Amino acid sequence: MAHVIESKKACAVNPLKMSQPLGASLAFLGLDACMPVMHGSQGCTSFALVLLVRHFKEAIALQTTAMNEVTSILGGYDNIEAALLNIRKRAAPKIIAICSTGLTETKGDDVHGFVATVRKRKPELDDTAIVYACTPDYVGGFEDGYRNALTAIVRTLVKPLPVKADQLTLLPGSHLSPGDIVELREMMEAFGLSVIVLPDISGSLDGHIPPDWRGTTLGGTTLDEIRAAGASALTLGVGEQTRDAALALQEIVGTPLEIFDRLTGLEVNDRLLQRLAQLSGQPVPAKYRRQRSQLLDAMLDGHFYTGGIKVAIAAEPDLLLAVGSLLHEMGAELRCCVSTTKSASHALLPAKTVILGDLEDLENGATDCDLLVTHSHGRQAAARLNKPLLRIGFPVFDRVGNAHRCQVGYRGTMALIFEVANLMIDQIKHHHATDWPVSPEALHAASTVIAAPEISASPTQPSLVVASA
Amino acid sequence: MTATVEERKATNKALIDEVLKAYPEKMAKRRAKHLSAYEGGKPDCGVKSNIKSLPGVMTIRGCAYAGSKGVVWGPIKDMVHISHGPVGCGQYSWANRRNYYIGTTGIDSFVTMQFTSDFQEKDIVFGGDKKLEKIVDEIQVLFPLNKGISIQSECPIGLIGDDIEAVSKKKSKQYHGKTIVPVRCEGFRGVSQSLGHHLANDAIRDWVFDKTDTGHTSEFESTPYDVAIIGDYNIGGDAWSSRILLEEMGLRVISQWSGDGTIAEIENTPKAKLNVLHCYRSMNYISRHMEEKYGTPWVEYNFFGPSKIEASLREIASHFDDTIKAKAEEVIAKYKPLMQAVIDKYKPRLQGKRVMLYVGGLRPRHVIGAYEDLGMEIVGTGYEFAHNDDYQRTTHYIKDSTLIYDDVTGYEFEHFVEGIKPDLVGSGIKEKYVFQKMGVPFRQMHSWDYSGPYHGYDGFAIFARDMDMAISSPIWGLTKAPWKA
Amino acid sequence: MAHVIESKKACAVNPLKMSQPLGASLAFLGLDACMPVMHGSQGCTSFALVLLVRHFKEAIALQTTAMNEVTSILGGYDNIEAALLNIRKRAAPKIIAICSTGLTETKGDDVHGFVATVRKRKPELDDTAIVYACTPDYVGGFEDGYRNALTAIVRTLVKPLPVKADQLTLLPGSHLSPGDIVELREMMEAFGLSVIVLPDISGSLDGHIPPDWRGTTLGGTTLDEIRAAGASALTLGVGEQTRDAALALQEIVGTPLEIFDRLTGLEVNDRLLQRLAQLSGQPVPAKYRRQRSQLLDAMLDGHFYTGGIKVAIAAEPDLLLAVGSLLHEMGAELRCCVSTTKSASHALLPAKTVILGDLEDLENGATDCDLLVTHSHGRQAAARLNKPLLRIGFPVFDRVGNAHRCQVGYRGTMALIFEVANLMIDQIKHHHATDWPVSPEALHAASTVIAAPEISASPTQPSLVVASA
Amino acid sequence: MTATVEERKATNKALIDEVLKAYPEKMAKRRAKHLSAYEGGKPDCGVKSNIKSLPGVMTIRGCAYAGSKGVVWGPIKDMVHISHGPVGCGQYSWANRRNYYIGTTGIDSFVTMQFTSDFQEKDIVFGGDKKLEKIVDEIQVLFPLNKGISIQSECPIGLIGDDIEAVSKKKSKQYHGKTIVPVRCEGFRGVSQSLGHHLANDAIRDWVFDKTDTGHTSEFESTPYDVAIIGDYNIGGDAWSSRILLEEMGLRVISQWSGDGTIAEIENTPKAKLNVLHCYRSMNYISRHMEEKYGTPWVEYNFFGPSKIEASLREIASHFDDTIKAKAEEVIAKYKPLMQAVIDKYKPRLQGKRVMLYVGGLRPRHVIGAYEDLGMEIVGTGYEFAHNDDYQRTTHYIKDSTLIYDDVTGYEFEHFVEGIKPDLVGSGIKEKYVFQKMGVPFRQMHSWDYSGPYHGYDGFAIFARDMDMAISSPIWGLTKAPWKA
């Protein structure tokens, strides 16, 4: 429903957007025994790595082709080859996954060609899958990088297999956390279905202590599982950003697809469960009937605190749609919506407009709002405006436990509702006598009745408190 | 609803009959007297009231302690109110009501604090008077700026023979005439919190006024425009949004009973030219007493919704001279456009919505005008602890055929709501989740659901917004699961 | 380890303690198709009911014998009989569970005798189980009321049965939420064990929308399940407060017992899982091995924010031990501990002293602390001291979602750690230049170098912000 | 450790050999030059440094953009620093360093904000100079109180032939000589962030000093005690806790480079009597330039831990008269008891604990004294982007046999830590979770783990507390599961 407006500014002030290579890296980090590589200067990888570490509080496997002044001009073939060989030799990953950067795309490196050449020249790489995604920093954003990487994984590694009727492929969007994936997998397995999650950061970035240390990713979708996706009876994507990969699976393997624009909210999960019931021939398990009832109750409890509040929200398209729609269903008004790039998701957003802009746009639009919703970089705007901030998306570097946060399914939706409602409870305005300014006459009158309050001689200094329940 | 008045009466009668069927015969007979459909023009609502509840049939009533400590005394901010007895009831009800106040909590104000003598077995066996004395001494040390102490009796006090009156007198004397008030509001007395209001009123009469009358002097200078607000507990700021209107019309508010009030204000009240009474149920006793003993007239008013506010301002002004009358008209005129804006915004969304109420005090009748200002209709109402005079007053508010239920049980109320299917229920937190889970929009009409104020012109804007929010929430469309239960 | 000190004050100021009938009512609310009744004046029930509603955001089944002026003096037999008959007739519960109050205990009502008499006189009650617990307000507190009610349930309803080797009885303490119980049941069932939870508020107070409405409790331990506890191979109690009921089961049925003083923390859950493995002959499931690793990781992530902080905590004995011990393991110092009544749990608390006192004692002891931990009534002390409050226990009336909060098992412990750590992250002190006051000479010098900052003419008014990551 | 120096050397050699085995031969040969065990008395650490990293072998280094924007320019608070190019790298690194400052963000200060030209495909194809001009214009409108603009080039700028110098000159002229500084710090230049420091220093020389020298006047009045703090980025307040000591000894700090610094302060710096240099690596270039061109002497100092602070205060004082020297002694004496109290508290808990460091800038050597003040021992250290002069300076700090690793890879560092089993690792966030998960206490030594400051006497107390907290946490005893993995 929302009308999309592009910001007119040339300068992005406090940008909301992250660029493609980071999104691509996140997708690659959801593959097991994988080494993601950024084809660019060492600095790109260094910055991306630190940001991923700060969000997930995890050691992150990420490599660089370390482009320098000379190779940037001459082209990066040698660096690609050296990187592949060095990684294969020392870390022996099953998959090496490369994404490009602004530097190498500006130069115009033909990485597809490079990889083909290396393949011919270096048989020691024969046992290693190599995936490449084209992800220049100067096109699209985080979700686009993720989408391109996911599609590249599918196109490179999946082949048709005989269909297994009880197997489905789940393509989570980049806005889903490890905790979200765990929740969705459990829902699907509860119907007796077997699920291939691609990519699966719940195996690799879920905040656990690995028993050993290899230098590649530890956990995630295995190469065998990726290949086995060729046998799934259905592809189920979460977020518009998964559509390309789902279409690729349809094209290559013939798998029918169904994209859920979000799985945060009550009705969308009703639909998911009905679809799973239909696919599996099983009824909706009692556990989820109970959870639905709990979610509905949570919505009823929560709506007293979210009803009528005005929200300023900034997020990538699919995340914006998921959280924004839920807030709308909880009675909130999406007063100011900011996103990064164009997407079919914006058409579904229950708001008047979406600005493709930055956090300055959010800050300007939030002045009469009750709540800000965006990633951790929104904390300064929230502090300046003295309003609460609900942290969502990536990066959230000033909170622990991001990996376990769950905002999908009935249960995750419920948790998000409680989080928002409790945040708003803390903001309940308690009226004070000064809200109804008393006239000078009245003050004079009052002063002849009651002496001015005495100042305590007590050493403790309690603050002026207006009572509240 | 397109049904005629007669059809509605018939429906309501049928509902009542159906509900009564589930009771044993004797009980059905007794409950029948509390339920009716109002016959337009009759001088009361046709129900019995203020009769004791039945064992094993929980209603929404509280007890005398609730009426005294929780309602009347608790908001007097510069006194320490001791819940005297075991730790239970006072602790359970701590901060249930949002009686706002200005002051430094723990220094000169104590409303949101909780004080209890925390009786142990030995206090029950050997009596608690010694402990009470010690507590009074401790309070003098810990909170030297307190202006008085009240002793709110919990149930066991009435059984163990303690003489809290003697302790109060002794300690008052020791502390140079300090106000120390014993209140015999044990929970087992009376049939509801209503007796607690009465006992609390009487305690003010006997332990505050009588003391003031006999020599306790104050430097109070009267003016011809002095009024006292009686029966406003300043929930969510109600008294503040009311007081400003009285002041705008030229009156001087010398006292607030008891929201954001002080003991000095209470003492000065007999000098008011007029007592304006909002909650009749809880404070008519002391108003009558002041009229009889000090000649202070009193008038009831209703500050819910612009229609009633307008009428009330005029009624209050009628007790004063033309200056005040003219100013009252100015106040009315000043707020008219604001009120129209509120009505223009919400009435189209709320027009025709049907409401059932079940509350305490003055609200089952007083709020009706505010709903009607928004185009809404009250189809049922009832009181937790009303007396017959409340039901008489209610007849001025309700329409022919309105369902009336006194001291309703949870079971009855649920059945009535299921039968009538209102668009909104306004009642207390005990009922909230029953109806919410039934899918009926609900607002707490005791504590305003952490919102408020609802009194005065400012309050009406908040009231309208809150009712709209409850009724218009998108959630009500999601309740049905797509599969069979 | 902690030394117990009793407060010397006669007056409890801002009490921490709740009295027995409320604890007893909570236990009864965990039985299915049950009607809990307070034998006392209507006000007791009214107040208790409201507080339970405010905490759980649920409709609560609770009845009263509605004692009045006359019956309070003459004795409550008639009221007990009338209440039993009225309840039986209208709501037809399977169990009517009565607890006494300060009023009726002061009078000395012999409720055991009353019930025996009613049983003889009223055969229409033959199909209804009746439990009675003696719980005067003026003895002990919430945990004691719960313990007495639980023990009364066991003594009234459980009889010996042939032992089932794979069945155990779980007795949760009153400090466990519905979410806690769900978590523990899942852990036990993962070993193939069948579990009887007594009482089970996860069935009745878990915030769901019931399909119908009966007026009694809807969900909880059924009468059949209570009776089936006579066949359990082990009683497992959580919290010292469950020991009496476990001993009663041992005395009546001969069931061996094991009381876990807490299940919040890493090591205690290691012990639980090992015990379950031993009982079931099954290895610890992969899910919990993973969760242990996640918890350990969470402890590592969290300890940067909890290490060295000083905590003031006030709670009932078993909850104090559970949360206090975890905070200690996270490197915090338990500077001020307040509790309600004597308990064997205090001996295990890693603190110097425990004061049996009120929230005034907490407030006085918290002046040099970094964090307050107690129920919602601590919010005023926290506001006056301008320190963060972690809400635990009962009542928490100013937050939604209490029923789903989980603080036991690896997962619940992890959630609690994240909650505390994120609360502390919000308190990180950012240094400011004024922390190092510059001398007047230096200020003069500086003023000749740099002009005083100009005041902005901009209409926006950002606040003075010191940068932080 | 009771091992002798020779035993330790042998162990370290063996560790290095083992690590190198895992590499292909050619690579092993190259990496061997970066790893060593220090031979006491030698003039350097026996390692090669400042050599480019290898593809597919990630180390902890950043790029030239990181060194210029992230380190040198970013903290200058009253300038707007544009990350010029696509949105990626600047956004990823936004607010990574906690450069504290005083000012009103968005009005007169801009440090924690992020500005980018957010290049789109068309900017790459058609060039970005026009967009840059528009951005400068926008900044003048949006942030009229900015005192200057720097243009920090990202990678593509160097390839597409943009002439940002021309844009800067044009716009500077248009805005009446406004300071607009183009910096050619594209990420692919050089082998690490180190070249970025150098390029940033050069840009100050060419675009700030040269402009000031030629007619740009200021009303600066010199005193004999003027000093400038160079190379303190005020992370967590480091520069503030340092500055106060200089002021207490009677010096006047006229400039902070660049934490909490302004462009006016930068411009005035050549008038200082002495430049005091903390981070040699990142700002030795401009210090040498000021010495050569303006005759301003410079001296290195170290404000980590009381021993080094004491020595540094005396060294700085030695450049001034006896008044200053005497005051320096007063400052040292004043803080001595406080420092002793810190040491008395923590040394018994930390005595003998072994530490491995791997950081950037000055820290791999500078912090050693602070650890030693607490009785701790540095058993290994290394730099991310050092040059040979850093390793020379390091010999003054380390003991015979200390393990040295330059530009270490994650793989190498993990093996070294596994082999040496230190009690604490101090490094960056990239490594943090690897070691933490291995069960090794860890502190971030770039950003002080959201703590700090660590500079100055106040900083040492915080440093000691933090190290103790990391090492003494009860968690380290819980890591082992009671069952087999």
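Order of writing sets the chain letters: A, B, C and D. Residues in each chain are counted from 1.
Criterion: contacts are C-beta pairs under 8 Å (C-beta built on N, C-alpha and C of every residue); 3 or more make two chains touch, one makes a residue touch a chain.
These figures come from a predicted structure and were not determined experimentally.
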Chain whose average C-alpha position is farthest from subunit C's own: D
Higher-contact pair (C-beta pairs counted), C-D versus A-D: A-D
Between subunit C and subunit A, distance of the C-alpha-averaged centres to the nearest whole Å: 35
Intercentroid distance (Cα basis), subunit B paired with subunit A, Å: 50
Whole-Å separation of chain centres (CA-atom averages), subunit A against subunit D: 32
Subunit A, residues touching no fewer than two other chains: 57, 209-210, 293, 296-297, 301, 380, 384, 425, 462-463, 465, 469
Multi-partner residues of subunit D (each touching 2 or more other chains): 95-96, 105-106, 112, 437, 479, 485
Chain-level touch network, classified as line, ring, star, complete or other: other
Residues on subunit B engaged by subunit C in the complex (per definition of touch): 22-24, 27, 52-66, 82, 85-89, 91-96, 105-106, 112-121, 123-124, 131, 134-135, 138-139, 142, 154-156, 158-160, 186-193, 410-411, 414, 429-434, 437-438, 479, 485
Interfacial residue positions of subunit B with respect to subunit A in the complex: 95-108, 111-112, 145, 220-221, 223, 236-237, 240-241, 243-244, 247-248, 252-255, 260, 262, 264-265, 268, 436-437, 447, 449-450, 452-453, 458, 465, 469-470, 472-475, 478-479, 481-483, 485
Complex contact set, residues of subunit A against subunit C: 57, 206-210, 290, 293-294, 296-298, 301-302, 305, 380, 383-384, 386, 397-401, 404, 414-415, 417-418, 421-422, 425, 462-463, 465, 469
Complex contacts: residues of subunit A adjacent to subunit D: 9-15, 17-22, 37, 40-51, 53-54, 57-60, 62-69, 72-73, 78-80, 82-87, 89-90, 101-103, 105-107, 136-139, 141, 209-211, 213, 215, 377, 380, 384
Residues on subunit C engaged by subunit D in the complex (per definition of touch): 266-267, 270-271, 273-274, 277, 283-284, 289, 292-293, 296-297, 299-301, 303-304, 307-308, 328-331, 428, 430-433, 435-439, 441-442, 445-446, 448-451, 453-454, 456-458, 460, 462-469
